[in-house]
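Lettered A, B and C in written order, each chain numbered from 1.
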């Protein structure tokens, strides 16, 4: 019995002593920090995706608290709502930005763009693109090895095995831009998010001359310029045999989609057209 | 027998296929495509246009900077196009296309077989001549030769090393040059030595080529400054740093250049091209290419005009039957070709045809920490760590693990029992780290 | 022009003859002589134990990989077979087969697969299994069958330890053992440690096939020899001779086959030397002053845990590394 009591006493005493020690050390080495940093960090989504340009949410919150002008800071994941909340808490002016979404600008599915060789190296787009043009005749398009899907922290990207191309889940995409940076071919672009998931864009990044591009891929942009002519808002420019739709000017009238001879311009989220029979090429829409 | 200090592997050399085939002049094709970027550095700038008539040896593109090289027409005929064309890897590169008509050479080129033994050009003139004639490193790296011969201020060259190692399996182009053009090769070496002002020339040859060692040793009796150095066969002995260490015992410091230890290394093919350029006024318009493979009907060593499609060479030697992979260069460092109609360039030392059954890699497994890659790395790096760190994108740590020292020789991937694509990843990590180092230096 | 798609892969385009399965196969071949001697000394039972151990290890690996890790089968690389043989070699011939099965579950299930499988485990799986049995079932693990021609059922190491504890001078104990017979296999012990000659034969095979380098085995045995020589010279009355230590127990089996396990040993030659010497020294400390007669398994497991540290700080010799600035 005596033993038991001694044991209990010794252990309890030791515990108390160590607790005291910990308390003192914590007191002595306490780092003085603006408490607002913690608060702001809590308001941020906590994804640590790096989409803001900082290493993580902590870095972002420090910058938000310390900088007087936070107009240049933006959390793409939390979006405007989150930024507004933080700005009002800090008494600063937040930047207004349109919500964006990642868009894969390549329609080179297995069907549209036949494979002409077989890649047999480390399964990564960076490895393949540093080695050669790719498995198809198109040296600009998606390589389909999924670096973008691997880098996405939100599970918003996945390679569709049927097409061999990545697909973006708009619900999950936060427009953090990680995939844009990861893609060695610069196929992915952040574009303005429209209601109902509507979007119109040139689903091609091939800068080869029309004939070469068309030979490699059925749905390549051949740089014919028809879309630019038909666009009432001057939103489309053709440069280096490639059309580009400026999403800040595009009003989504869909004229270019109907005009495109190869079906390189695609539309999503629109109700079916009345005259769908006229343009079988645009049947790509979902 | 001498060799380099650490790492290395012993692949079978497979040289027996094409070793006995004497160099053969390959017929001039009907059309050649001459890319403007055949060397490391700035691409050359085309100075001909569609419709121009050109003769062999005429400049068709001028150097695009100091680290660049001019390009000469390898055929006579009419320029039919100047524009982008797919290279061997399928990427679009500026190219001059010439439709061949006859074989008319520039008058200044001395096409006789007589061996010219002496010239009275000054070292400066020699370098200028080499630059004008478009000579680049012909071992595969294609670094402009005149840049290598321009010794930076404050440095001093002490010896010239002729790289006659040809440590890549299968390739025999350099071997054939040694056996057939030994005299010209040594003259070329002598010119190079004069250009950089050194007294001593070493010729490093591996002991799997005993006849080449014997033959050159015999010739070298008349060239007192030349010393033939037999080396123990081991890959990557032909790597510049490894060769210098093997021959002189000096190690090029990490991040340094060969000149830091007083050495300048030139390849056999380059030495021959230098002889022809300086003594015979002949620009780099053709080169020896080994066309070989385990299943190829008739492997050959061909003297090919630059710009000839590789497919023409393949057809000439037995065709694509049963071929699963075409490699420009050797099997250790050569690049797989996706477009076999792409032209032979200044750096194409071989066209290797791998049979289908040897083309695909084995399935990769797990790292079992066997340390074979660490043993094999000739630079003393730890490829297994570099592989992991690259996949984690930890570039700071990669730099601390000296990834920038990697020479991409492939020993790690070759020796990995789990068939991990170590070098695939290390190459990516190295490229990114080098980019970061350059950016940092630019900021300073 | 040709319908078949060309393969494009980064260089190098050829691969050496190294292959995980080939190397594991070589280890198995190297273990055959020892197995034959064990069968001669202990009879068929030794083969039954080894075979049962292999079967259990393979089964456990297959089960865990298929139903718990849900990955592709990893049996093809033969590593489970090697672990099975080594585990069997570390057990007495008369061990109940139930215990062998338990050891296999611990070795593969806990020692290897919990870490994620081949290449990721920190400790040598076979030794994890053995030490588990040694601690949990000490009696079954230390009562060895009477070997043909051996003096008694106790291992020479256990015998010597007991005798010295009882006050018998080491010199006299030394006289009672026949070193020649010990090296051939005339002694009691685990299956695999019976014949030093057979084990060394396997070692030569591994060296010839370049499966392992000499560094770890030689450093283990060398440091053991050095350590025991010093002890023996200082006090021959209390310590056994170095030859006795090298030939007895699991010295050679541990040094050649257990310590050299790729996964749990260092990556650099310098690291291997440190690791080997560490094992040798710890083994001798346990043998001379520890509670157990044999310390090889513990020594290897202890040094296994140091390997990550060794790999972090001991780096290979780099080409062109600047000389130390004065």
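Note that in this section a contact is a pair of C-beta atoms (placed from the backbone, for glycine too) under 8 Å apart; a residue touches a chain by one contact, two chains touch by 3 or more.
No experiment lies behind these values; they were computed from the predicted model shown.
Distance from each chain's C-alpha mean to the overall C-alpha mean is smallest for B.
For chain B, the chain whose average C-alpha position is most distant is C. Chain B and chain C have centres, each the mean of its CA atoms, that are 48 Å apart. With centres set at the average Cα position, the gap from chain A to chain C is 52 Å.
In this assembly, the C-alpha centroid of chain A lies 42 Å from the C-alpha centroid of chain B. In chain C, the residues that touch at least two other chains are 6-10. Residue numbers of chain B whose C-beta contacts span two or more other chains: 335-336, 338, 359-361, 421, 424, 427.
The residues of chain A that reach two or more other chains are 116-117, 120-122, 127, 131-132, listed in rising order.
Residue ranges on chain C touching chain B, taken from their complex, read 1-2, 4, 6-16, 18-20, 22-23, 74, 77, 79, 117-120, 213, 262-269, 315-322.
Only residues 116-117, 120-122, 124, 126-127, 130-134, 137, 139, 208 of chain A touch chain B when the two sit together in their complex. Chain A meets chain C in the complex at residues 115-122, 127, 131-132, 135.
Partner chain C is touched in their complex by these residues of chain B: 5-7, 9, 11, 169, 241, 245, 251-254, 256, 311, 320, 323-327, 331-338, 340, 352, 354, 356, 358-362, 365-372, 374-375, 377-382, 384, 402, 405, 408, 410, 413-419, 421, 423-424, 427. Every residue of chain B that touches chain A in the complex is listed here, in rising order: 84, 86, 89-92, 335-336, 338, 359-361, 421, 424-425, 427-428, 431.
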